[in-house]
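Attaching a single structure in structure tokens format; questions to follow.
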């Protein structure tokens, strides 16, 4: 499929590479959430200001062991809130990763792009007013929920600086922010899993889009080939750009235009010029990247 | 041009309507900024805790008049920070409106859409690596700056609750947030003005995109016409949707398909069916909206 | 009572001045909320992309009039979200003002300060573990809720830049943020009203605290009197500061110390020195400020 | 010193325990910053969309090795921004921990508390207007800077969801937020180190404050002793509370009051009652906590 930077066709890439990138990022998020769960899995029974004035540390250790919690090495009236701040962050960054996937699918589903679309049940209505529509509402919903989770998570920083041995201002915040952020992310993970499992991938549209600029997406290959053939980079850039601009405006293919430009053909030769437009050569390493990131079945 | 909801072609609209909407929203932002400027245009010379212990109110009034400021009706050591919070908000919401315009132009400039593009100087390089590219970097830059302005503005809320007659914790925040948010928005306004003045509008692509779905964007007109002809809404919806789905999959035009569907033609008649696809009729009111929002020259 | 800046005793002030300051700030907040309510009291029935393709503007005007809403001058599929951003801001800034009052009361209720305290029902338990305590839990609760409201309100900025004629990403955010922020602020206003109505004011502690520094809070009066008597400001500052520092360390009263310092007594004279420590003179204007801010009964 | 919860005297604690708590929390922050530094120490030279179309992975590995960076396992045009989000979080949470320390020192330095104060240079002016003042301006400054760092850090979440293979909207945000948040935290760490190194600790005020409530801070010890002596908890609570409330109002010592209450003396005995007010016994475990958290010299 065509890779896009700045929303503009750039170079060929593969859908597999995109999925691998999401997979690897969510792996980092999983580590963050697991680490945060561990960091908040501490308790304290050390009294009103953390001095064990009423019960000795042994009681705390016994009681917490029964709950699967570690005793906090030091506490005042409460567990320190930097721990919960990290927990909330782990939710917010994971939500942001889901938002990234959601935004990408929304882009893919745009009418002009059409490369993939959300699952759409037989008989489902896309729009109450417009019978022809299939809207990426699941991914739009997830985009919004990411905003919500990060807003709720932002409260974590302000809860750290409690007064002296504790004030209870953090409590009213946490009673809403903790469950809402946690359940929202849980919902997001399940919804996104469903979207990805049922994703409709339109490979023919991918190929059409890849070809729609008449080979402009190979312009860098020609640029690099010219450089390797001894042309100074700025001069090589100018030779490719002038043909590319004609291509944008006229709709003629870039290879066809370059074949007619002696300042390109002479230094490169026709065969080398044509090989710049070879898709398999372009994407050879992309397959390797997927293999190194996605665990192989049976491995 | 085609109007898009959820990123999907919906119904025809006009570029003028889009510009009018931006214009009207920025008018609200201007009111907000002007109001905020007024709200912070107060001063105080009422002493260390606001009691005028050293100088009487008359001195304050005289001194502030020379600065074009109103005396605050009541103060402690400082002007209360809810005023500055409103100022910062006025910057952040204006930045968000500019972000909206920037995101829209970035969408328009996408390779598959191509309906408008940022000014691009003759000889400008679109990408250091890919000679064929024209990237909407000004609008991407503005999108990011809106994030920055709203982040800086978020500090305003935390500066309101100072201790007793004042603590100075707000000062270190304001010394960065006030100038940075203000100058960033000033830059954004100028940059966006430049983008809009030099915007390249590609009307032929607008028309191509409007027609690319073979008339699906008129599906609601048919739906409403069927309802007016006495068909129950859910039944009318089903009749249009089944043809629209064939249209999406086959590429055949919706009008052509509907003409062959007796359950559509019989209740409507051919003439009424065809008039559902009339663009001028569709957009008649859009022109009125622009007129009521944009001040007329000479008026 | 003593006025405090940076948490340090500064100069005398009055509780009335503090209440007047809160009153006046909440007046600005009321204007903000009322204005925001007006700004979101618009509706639209102009069709899927705002072109009135299916129903003419007259239908919209009639329908909205019945709901007490103004038609938006221009819209796409939805009312533009800068309006709701302003609404959320009006909630967040009001919450911040309540937080300011709550933090102040918490400071007043500190054991060492003791100048005012929250209502405490007969028989109420202050702490489950410590039978002697009366905690300002209502104000702590309000402090936390202000964090929550501003976090929810921060989502408003991100909902402004929707795609083209609308994407629905804002919806999932608003379904939680709008009701939760609104009801939280409503709760806060009622709770704070109850706290203020039942506030226990300990005037004797106010007077004790005012006197606890042995007159240091009048140091600026002496400084200004010395300046008016012709002593250069930096010299006058040094003369007062050296006595004040002895006062801090020894606990002796500032007036007593200054009476023994010929570099103070000679330029000022004893009578003028003593009048610097006159509380009524100090606070004469504070009463005027309260009168100009608080509406008079019967007026 | 007295431990305070809700700003109210609770139970005795030690300054050492407070410092140990800060020390241990900053240890977690250090881990977070180091981990974040590692997570962003990756690079990529895999071409415009991450496919290594122009240069093979071996070139990337060689080049990055020279920079001390790991190759990202997968990338598109850029390193994924969840990594930088974690970096910004590590700055914000560390800033919040510093804020906690700063707020605590500001509380300690309040005129009525006076238990510790910031370093104050000989000849330094505490206030331009009031010669007697020593203000905790360094800690107030740090409180504000924490707000700034977390505001800047909040941008990290919004930079994750870039379009397709990358849009450049993150760049304008990062150019300000990265250096400003980083240098602000660096400044904060150095400033706080200086404050802590030069902190003036007023142990005599600590003892005075501990004793100012006439032993109320031992109310829980009596409560627990009564429970151990077989009194039901709610009944024990009532017996202690009624004496504590008399203590608050009359200024009489709690031990003195309890000695006269047969419902306390009879079940406990005088000796056991008096031992409830023994400070050393109260704080025995607090020393152990410090030892387990602070690395011992020579160890």
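Going by the order they are written in, the chains are A, B, C and D; count residues from 1 in each one.
Operating definition for what follows: a contact is a pair of C-beta atoms (placed from the backbone, for glycine too) under 8 Å apart; a residue touches a chain by one contact, two chains touch by 3 or more.
Predicted model only: the values in this text are computed from it and were never measured.
The set of chains touching chain A and also touching chain B is given as C, D. For the pair chain A and chain C, the fraction of shared interface numbers is greater than half, so the two copies use mostly the same residues to meet.
Between the chain pairs A-D and B-D, more C-beta pairs are in contact across A-D. The centroid of the Cα atoms in chain C and the matching centroid in chain D are 26 Å apart.
Annotation: 42 Å between the Cα-based centres of chain B and chain D. Centres computed as Cα averages put chain A at a distance of 33 Å from chain D. Shown for chain D are the residues that touch two or more other chains, namely 4-7, 10-11, 47-48, 106-107, 127, 129-130, 135, 137, 140, 143, 154, 158, 163, 167-168, 220. Of all residues in chain D, those touching chain A in their complex are 3-7, 10-14, 17-18, 20-21, 24-25, 28-29, 32, 39, 46-54, 56-57, 73-77, 80, 82-83, 85-86, 89, 92-93, 95-97, 99-100, 102-104, 107, 143, 146, 150, 154, 156-158, 160-168, 220-221, 224, 282-283, 285-286, 288-290, 292-293.
Contacts from chain D toward chain C in the complex involve residues 2, 4-11, 106-107, 109-113, 125-127, 129-137, 140, 158, 209, 212-213, 216-217, 219-220, 223, 237, 240-241, 244-245, 247-248, 254. Those residues of chain A that touch chain C in the complex are listed here as 47-48, 106, 127, 129-130, 135, 137, 140-145, 147-148, 151-152, 154-155, 158-159, 163, 167-174, 176-177, 180.
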